[in-house]
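The structure appears right after this line, and notes come after that.
Chain nomenclature is as follows: A, B and C, assigned in order of appearance, with residue numbering initiated at 1 for each chain independently.
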Amino acid sequence: MRFLRSVWNVLVPPLIVGVLFVGTWEIIVRVFDIQPFLLPAPSSIWSTLGDNWTKVWDAMVVTGANAFVGLLFGVICGVALSFVLMRFNVVNELVTPLAVALNAIPIIVLVPVFNNMFASTTEIPRRLMVTLIVSFIVLLNVAKGLRQVSAIHMELLQSYAASKSEILRKARIPNATSYLFTALKIAAPVAVITAFVSEYFGGSQNGLGYGITSNAAVSRTAASWGYVVGACLLGLAFYLAAVVLERLASPTARPAPRSTSSPRSINPNTTNQQVRGIDPGGATA
Amino acid sequence: MISRGARRAGLFVVALLCVAALWELYKVVGPEEGAEVFGWRLVPRSSDRAMPHTWEMMQRLFDPEVRGRDTPIWVAVLGYSWYTFRMALVGLLLGGVFGVGLAIVMARFKVLERGLLPYVIASQTVPLIALAPQVAAIGGNWDLPRWTWVASLGAFLAFFPIAVATLKGLGNAPAASLELMDSYAAGWWRTLFKLRLPAAVPTMVPGMKLAATASVVGVIVSEISTGVRGIGFASLTYGQKATSDPAQLYTAVFGAATIGLLMFGLVVGIEAIAMRNRPREAGA
Amino acid sequence: MSSVDSLSASAAVVVDGVSMAFNPGRSNQVDALVDIDVSIHRGDFVSLIGPSGCGKSTLLRLIANLIEPTAGTVLVNGKSAAQSRLDQDYGMAFQQSGLFEWRTVRKNIELPLELKGWEKAKRRKRADEMLDLVQLADFGSHLPWQLSGGMQQRVAIARALASHPPLLLMDEPFGALDEMTREHMQAELLRICAAAETTVVFVTHSIPEAVYLSNRVVVMSPRPGRITEIVDVDLGSERDDDTREDDLFYKKITEVREALRGAESRVAGDGGEPGRGRGVEDR
C-alpha cells in the first residue's frame, strides 16, 4: 500500500502538470484562433505525426545512427585519450588547456569545415562532430576520475607496496568508472542534439534536423513539430539507455542522499548524539 | 618563477602551434582527394581547396569579405562575432534570472517542485534546440525585432542548467544553519537570502558555465533559422561558398572561437568574484 | 524531581508536563519524552545528560521552540516558547559551529543583529564587543575556514550572545574539540556567561563537563525519555582549573555517574534491551 502511495505521489503531479499544459495549449490555439503555421494545436500535431510517422521514424533512425556511432567512438577516444593523459604528463599539460578551451568554443561551427574536408553527401561529418564533442565530455570526466583518487585510498595502497599498474587497476579505474557513467548520462543526449544540429549546417538531407527546418521553411509547422517530437523521443531514449547502463554496471551504487530542508522535521534518530554512548569520565568518545 | 597563469597561456599557445603543425603535416602526407576505408570516406581530403594552409587562413582574415569591397574580412567577422556574443549574453542573463526564479519558486512550493521537476530534468535530455525553427517562425510573425527571438532561444537553453543547479544548490544549507535561522524566527524569505542562496552559490557556478555555452550555441543555431547576421549565419554562408573560397570558412571558425573564449573568460571572472570568500577546494 | 514553579521572577524556563512523541498514532511512534517537569531559574547553569535516546536534544529543541510538544507547555522568560523565539529571547549554539563560510567572522556575529533590524554602526560596535569578550579581537575580518575548531566555536558563542539574550541554549558545542581545547573552552564559557549574566541550558555527553560547568545536572534516561534525577552541584561560582582537582568535584562526578547507572539499570530491569552505555562498568 505504501509503495502504491509513493508511486502515486511521484507520478501524479507531473502528469497533472503535463495534462494541464497540453490542455491549455490546445485551448489557447482554438480560442484565439491562432494560425496553424504559427503554432499548431497539439491535436493537429498528433494527427500529422500519425500521417507522417514512417518519415519521422526514418529520420529518427538516421539521426539516431549518427548519434550512436559518434557516441561510441567518442567514448572510446575519450577514454583512450584520458589514459594517455594520465600516463604522459607532458601530453596532459598540452592537451588539457586545449580541451578546456575547445569545450568553451561552439565547435558546432566546424560542421561546414568537415563537410568540406570529407564528402558532404555522407554522414561522416556529422558523426565526426558528435565524436569530437562526446570525446571532450568523456575525456574531461574520466581524466578527473583517473587522477583524483581519494588520498586515503592512495595511502592504503602504497602501504601495501602496490605497483603502479595495481594502483591503476584497483583504485583509479573503479573511481574513473563512476565518472564515465556520469559523462555518459550527459553525453548521450548531447550526442543526439549534436547529431541533428549538425544537419542545420548543410549536408545530406535525410535526418531529423533537416525534417524540422525544411518543413518550418515552407510553413508546414505541424509536420515540423512532429519531427521535434521525434527528436525529443530520441533524446529521452538515449538518456534512459545511459541510465540503464549505469544501473547494470554498478548495481550496488548508493543512491545520493536527500537533503533535509525543514528543520522541523528533524528526527531525533538522525542526530549524531545517537552514535555515541556515555562518557565515563575522561576520554572523548 | 613563471606564474601559473602565464605558464598555462604559454602551453595553450604551444598546443595551438602543435595543432597547426599537425594540420600542415597531414597536408603533406595525406591524399589529395581523400581515401576510402571500408567504403567510408574516412580519410579527409588534403587538397588546398578542402584544407587550406594555415597561413592562407590567417591571410584571408585581411582580405575583403566580398571581392571589390574595401573592408577586410576580419572586420566583418568581428562584427558578426560581437553580435552573437551580445545576444548570448542577453540570453544568459535572462535565462539566469528565470532559472533562479523558477528554482526559488520550486523550493518554496514543494507541490510545484514535484510537478515540474521531472520536466526540468527531462529538458536536459531532450533537444530543446529542435524548437529553434519554430520559435523563429513564431517570432517572425509577431512584430518584435528578430534579435529578441534569437536572444530568447539563448535564454531558453541557458535557463535549464541554471534552474537545475540552483535547485540542487538550495538544498546545500546544512541542517544546523537552518535550525539557527529558525531560532531567529527568520522566516522563509529572509532565510533564503541570508542562508540558502549564498550556500547555493558553489553549486550554481558550474550550472552557469553550462548555461553560458548553451546560450552561445542556442544563439548560433537560431541565427540559421532567423537569418540574423551573427557568426552562425556567417559560418553557414561561408560554408556554402567553401568550394570557391575555402579559407573564408575558417575565418568564421576563428570568430566563433573568439566568442567562446570571451564567454569563457567572463564566466571564469564571475566564478572568481562569486567564490572569493570561500575555502579553496582540492583538485579540479 | 522539582515541582512546577509558578511564574516567579526567578524562573527563566518552566517545562510543565511536557511529552514529545514522534509519528504519533502510527506504528513507528517514538516517545522521545514523557511527562517532563523542570524549572530553570535565572542565572542557573543547567546541564542535560543521558545516554542515546534519552531526549536531551529534543528537550533543548522544545525549549527553543524548534519543535512543538505533543503535550504540556514550555514557558521561557514568562512567555510561551513560541513567543520567546519570535522575540529572540535566546541564543543557540550547536556542535557544528554553523558559521556561514561566505561571511567574515564579524559578519557572522552580526547575523542575529541584522535579523533584528539593527543599524550598521550599532551592529559593528556590538560585534566588536563580542569579539573582545571571546578574545578574538584580531580576527574580525578573517573567514571561518581560516580559524581552528576552538576559535570557530568561540565565534559561534559570540554570535549566540550577540543580542545579549537572557538565555543560552547549547547542544554539545564542544563535542568536536580535543580534550585540552575542550577544558579551556569550558573555563572561557563560564567566564563569558558570568560576565553576561546569562542563564544556560547545556546538553552534553561528558560527565566531567556537566559537573564542571553547572550548578544543576539533570540526569535523563531513555525509552521513554524522562528525567531520572537532578543533582545539585555546589562547587561555588568561582570555578577554575583547581576546581577540577577538588574532592567535591570527583564526588559530584561519581554522584552523576551513579545516577546515570541507576537510570540504566532501571531501563534494563524493565525488560527492555540492555541500557548500558559504552565504557560503563558493572559493579
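One rule holds for everything that comes next: contacts are C-beta pairs under 8 Å (C-beta built on N, C-alpha and C of every residue); 3 or more make two chains touch, one makes a residue touch a chain.
It should be emphasised that the depicted structure is a prediction, and the values quoted were computed from it without experimental measurement.
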{"item": "Topological distance between chain B and chain C, in contact steps", "value": "1"}
{"item": "Greatest separation from chain C - chain, by CA centre", "value": "B"}
{"item": "Length of the line joining the C-alpha centres of chain B and chain C, rounded to whole Å", "value": "52"}
{"item": "Whole-Å gap between the CA centroids of chain A and chain C", "value": "49"}
{"item": "Interchain centroid distance [CA atoms averaged], chain A/chain B, Å", "value": "17"}
{"item": "Junction residues of chain C - those touching two or more other chains", "value": "61, 66, 95"}
{"item": "Where chain A touches two or more other chains, by residue", "value": "263-264, 266"}
{"item": "For chain B, residues that touch 2 or more chains besides their own", "value": "179, 182"}
{"item": "Parts of chain B lying in touch with chain A, wherever the complex brings them together", "value": "8, 11-12, 14-16, 18-19, 34, 40-42, 44-45, 49-51, 107, 111, 114-119, 122, 124-127, 129-131, 133-134, 136-138, 141, 171-172, 175, 178-179, 182, 213, 216-217, 220-221, 224-225, 231-232, 235-236, 238-240, 242-243, 246, 249-250, 252-253, 256-257, 259-261, 263-264, 283-284"}
{"item": "Chain C partner contacts - residues on chain B that touch it in the complex", "value": "174, 176-177, 179-180, 182-186, 190, 194-195, 198-199, 201, 277-279"}
{"item": "Chain B-facing residues of chain C, complex", "value": "61, 64, 66, 85-86, 88, 90, 92, 94-96, 98, 100-104, 111-112, 114-115, 143, 145, 169"}
{"item": "Chain A residues within the chain B interface of the complex", "value": "9-10, 13-14, 16-18, 35, 37-39, 93-95, 97-98, 100-101, 103-113, 115-119, 122, 124, 144, 147-148, 188-189, 192-193, 196-197, 200-202, 208-209, 212-213, 216-217, 219, 221, 224-225, 227-228, 231-232, 234-236, 238-239, 258-264, 266"}
